[in-house]
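Heads up, there are several structures right after this.
The two complexes that follow have chain A in common; it is paired with chain B in the first and with chain C in the second.
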Partner chain A sequence: MSAGAAVVERPSVDLAWFRRKQLRALAVVVAAVLVFQGCSMICNFSLAYAITSIPAAFVWMFQNFIPTAESFQYFSIIIEQTVSTALDSVAATVIAAVVGIVLAVLGSSSIGVEFAPVRAVIRAVASVFRNIPMIAWALLLLLSFKQNEFTGFLALFLTTFGQLTRFFLDTFDEIPGGPIEALRATGASYWQIVFQAGIPLAVADLMSWMLYMVETNIRSATLIGLLTGTGIGFVFNLYYTSFRYDTAGLVIIVTIVFVLVIEAVSNKARRSMI
Partner chain B sequence: MESVRLTEGAAATVERDVLGKIRLTSSSNRNVSVQVTLVVLVALTVVTFLRMGYGTVDLVQATRQALADFWAMMAQPALDPPYGAGHFTWETVLESAVITLAITAITTVISGIVSFFLALAASENLSSPAVSNVVKGVVAIIRSIPTILWVLVFTVAIGLGSEAAVLGISFHSIAYLTKSYSESFEEIDAGVIEALRASGASFWQVVFQAIVPATITKIISWTFIRLEINFTNAVAVGAFAGAGGIGFQLYQAGSRYYNLHEVGVIVYVCLVAAFVLEFVSVRLRRRYILND
Partner chain C sequence: MDTSTQLLVVTGLGKAYQTRNGDKGQRALRDVDFTAEPGELITVIGPSGAGKSTFLRCINRLIEPTDGTVTFCGQDITHLSRGQLRPVHRQIAMIFQNYNLVYRLTAIQNVLHGRLGYKNVLAGSLGLYTEEEKIHAFELLDEVGLGEFAYRRADQLSGGQKQRVGIARALMQEPKIMLCDEPIASLDPKSSRMVMEQLRRLSRSRGITCIVNLHQVDFALEFSDRIVGLRAGEKVFDGSPAECTPDVIRGIYEGDAEAMVDVAVGVEKNGQVATPVAAAMGEAR
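Right, the complex of A and B next:
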């Protein structure tokens, strides 16, 4: 065979690297398949059923979710609740950012306090608050603050606070050390360093994280609203469980428009800050 | 009095305020837009508090009770009496935690695979502008619908169960990963792709010999970040999808039995699971990034 002969004439090449790479890729695929199968058995999941039911689900959605003239009589309620969800997300983010920035400055490795245990405690608090499920916050606050918008805001604030503090900590950890060292060398006090070097260096990233949190919070607020009886989650569930699918569809369309507009505005703001 | 004279170049860059003094901070567009954004966000916050419904409870009293409840949840977690009420056993709690983790893993595997192919279609450097824009548009719309609404829709469209939970979480997860993956693909040096194409490589050869090796660390990072988010989502939607799981137990303990000590145990189980996922993901990311 001519092809075989051609290979033999070439100087021998070490193919071990390629073989290892292929083996590693194969191992990853096998592992993924095994994990998937195991997990499917644990939670009774049928991939075939899931895939085959997607087309029917979409047909069902397009048949039932098209808003009718009748559903527009609820339009003002839907807009009002969507606006309140969006505003709650902004307020929770801003208040959480105020608390978060103080903790992040004190806890960061670049401009934080010298005393290491304080920094460790701040990190631990942020991590615990971030990982406590949102539903737990909502259920806890429902017992004392009852069903209203303020309860939803508080639950949202508590989760946002944990997340933003973590993002802010990462941001402050990454700021360049040069300007801080320069200020320290000129005899600047701790707070002068924070306000003249730390925050100005990080401000664009901090704002970017805040805008990201506003977007994420709209989704979280929808879920919390289901429990606290306010906002998008509440109106959607109200119409959905009373089989007024056309109105529920209108809720979804209004949500899509709102989120896309907010995303576009915040992207524009973010780009202008870089 | 002799004043300092600036060179022409320096005089042009120095900014002066209305009094003619040299400004210490620059009034560049960047600073202006930071200030404008901050003012808008703060103004919106003020509006929010003015129009918010505070209910009829006494806020001071409610705060005091919330702190007591928080203490009961975090400091006295228990399943058995005296604090707990025996609604759950450790076995059922751990079993449902495993179910939630299984849903998380399935969702992440499905969305990782689907997103990889969607991201190829969405990347401007690998696909045609028309296809890229269509995929990006559809993905943006899917992403803008909150996960919980997807889950609620699927529970009615295909029935309660783990399929509704997995599909509901997957939609948002796929949209998120497609955006992240395609942004990594688009950062690849155009020369690498061109060189392979010029040597006659097929589309899939370009993908597996140039795109995948160059972006694998980013793909892994994004996938594991999403794994953590998916766990949070799986807990959150657990109460509504009818697939069981730790989220459902949390909901039962909190809104049916009103027992915060039991909520506390479940919260700690969720915390441990979240920390383990975070630990694994940080370790894996570090290992793969060091290896390549």
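Right, the complex of A and C next:
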């Protein structure tokens, strides 16, 4: 296209280059194997034993955790607690998303506030909340709020808020600058630009992240319930520790079905929003 | 010079971009004087990097000029605050090479965005427009020939259609000036002609001043009332298309080797800048 452009000189043929490439790849594989061997020896881990014991473990699981007719007398309690846990995590996620959107708008590089320290603080806050594990939050909050639904809700909320703010920041950072510039040129004010261009351009991704967190949180809420003594996690723990494995198995199956249903619903919602 | 009665007076306009370490960077614009009268269609031509985009954006201060003043309708707008700039912005519409529509919204919603500068924060944010505004938006879509696409999402329209939605959005502002930044650079020749004809019609019938950045010299010669040539941030020509001779064009594009060859070939062939040559200049970028 351009005649005046400088011609880049072609490098000379170097067949050894390919050999060096292959040797380097081989070295990486060997190193990985050595590291694995070293670590296994230090902590007495035997790969062979681990693999051979898997079948027996599964057999034990299937023998004990298959629900019996007897366990179905608890079915209504299980359903009730599963629904309550699911709703709890939906509530925590949605509220976290609302807070997250506000912070992400203000902290984003595309439509954020111009004062850079505010953006930096928002990013730092999101980072802190995101990087403290949910279980750690739950344990911390147990001390002040004791074992109840609210403790679980708060633990979910705080982690989700950190996580979503981070995802939302990335989403807003990536929206194209053109439409924002165009609205600025029409004389639109800051919040008008946010609501008429920023949110519409990002909304599909925002919803997608939120639905993803709803799914993740329903799974996590089960675990949190073990600690806070609420919801389906508590029910599972109750039957598990009292050796009623068949009923505990029913809890697991109900939870899995529930998560799959939620996943299917949210996938459908996601597709309809593109 | 009496600037109080003129539509737009730009004096000594300059823009120096700062480099990262705070040094004085390259000057994108240097001491540009410029005036525009109501209803004029003015094209700005010049090689890539000559400062055409910076020039347009300095007029409505999407880019802050570092020197000079911009006087719009007798008001010096160079030092207005963001809030004070709002009533100015709604009278200076803008259309873009990449259309810059909010592509997830429908055509009619994009047209209505032209009213945002007139609305209070809440109504504008929530998209609450009056009945008159909505009817007017439909009329404007009809006017640019897109009435049937009102409820179509912007990302489902073709390039030419998007640009016409952009024009309708600009008209919705009821502007005195339209700044057009390479409005046809991404369009095929047929759509380009359509958009240029629409701009000319607007300047004639509504008295809207159009300031158009162009790569296509042939379009500039055909449609302009006046041509401004920019080279390396400086204004090197300001005159009618008739005065814009091949020699002048060669002067504007001097130093741009690629364009120079094209111009030279075109000039030799028929003593005037020929269409395919100018088109090639457009394509080369």
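The criterion applied here is as follows: the second predicted complex is superposed on the first by the 246 of 274 C-alpha atoms of A that agree within 3 Å, B and C clash if a C-alpha of one lies under 4 Å from a C-alpha of the other, contacts with A are read in each partner's own complex, and residues count from 1 in each chain.
Keep in mind that, in the parts below, a residue touches a chain if its C-beta (ideal position, glycine included) is under 8 Å from a C-beta of that chain, and two chains touch if they have at least 3 such contacts.
All figures in this text were calculated on a predicted structure; none of them were measured in a lab.
The superposed arrangement places chain B and chain C in clashing positions on chain A. Of the two partner chains placed by superposition, only chain C is touched by A:185; chain B is not.
By the touch criterion stated above, A:34 is placed in contact with neither chain B nor chain C.
In the superposed model, A:124 makes contact with neither chain B nor chain C.
Counting the residues of chain A touched by each of chain B and chain C gives the higher count for B. Within the superposed three-chain model, A:79 lies out of touch with both chain B and chain C [touch as defined at top]. In the overlay built on the shared chain, the residue A:50 is in contact with chain B alone; chain C does not reach it.
Of the two partner chains placed around the shared chain by superposition, chain B is the only one that A:142 touches, whereas chain C remains out of contact. In the superposed model, A:26 lies in contact with neither chain B nor chain C.
When the shared chain is aligned, chain C comes close enough to touch A:194, but chain B does not. By the touch criterion defined above, A:203 reaches both chain B and chain C.
Clashing C-alpha atoms between chain B and chain C appear in just one of the listed stretches 3-11, 111-119, 183-191 or 255-263, and that stretch is 3-11.
In the superposition on chain A, the residues of chain A contacted by chain B and by chain C overlap at 200, 203-204. Within the complex formed with chain C, the chain A residues making contact are 1-4, 178-179, 181-189, 191-192, 194-197, 200-201, 203-204. Against chain A, the residues of chain C that register as touching in their complex are 60, 62, 85-90, 92-94, 96, 98-105, 113-114, 116-119, 121, 124-127, 166, 169, 173, 179, 257-258, 261, 284. Every residue of chain B that touches chain A in the complex is listed here, in rising order: 25, 29-30, 33-34, 36-38, 41-42, 44-45, 47-49, 51-57, 59, 62-63, 65-66, 69-70, 73, 98-99, 101-103, 105-106, 109, 140-141, 143-149, 152-154, 156-158, 161-163, 166-167, 172, 232, 235-237, 239-240, 243-245, 247, 250-251, 254-255, 258, 260, 263, 266-267, 270-271, 274-275. Within the complex, the chain A residues that touch chain B are 32, 35-36, 38-40, 42-46, 49-50, 53-54, 56-57, 60-61, 84, 87-88, 90-91, 93-95, 127-128, 131-136, 139-151, 153, 200, 203-204, 207, 210-211, 214, 218-219, 222-223, 226-227, 230, 232-233, 236-237, 240, 252, 255-256, 259-260, 263, 269, 272-274.
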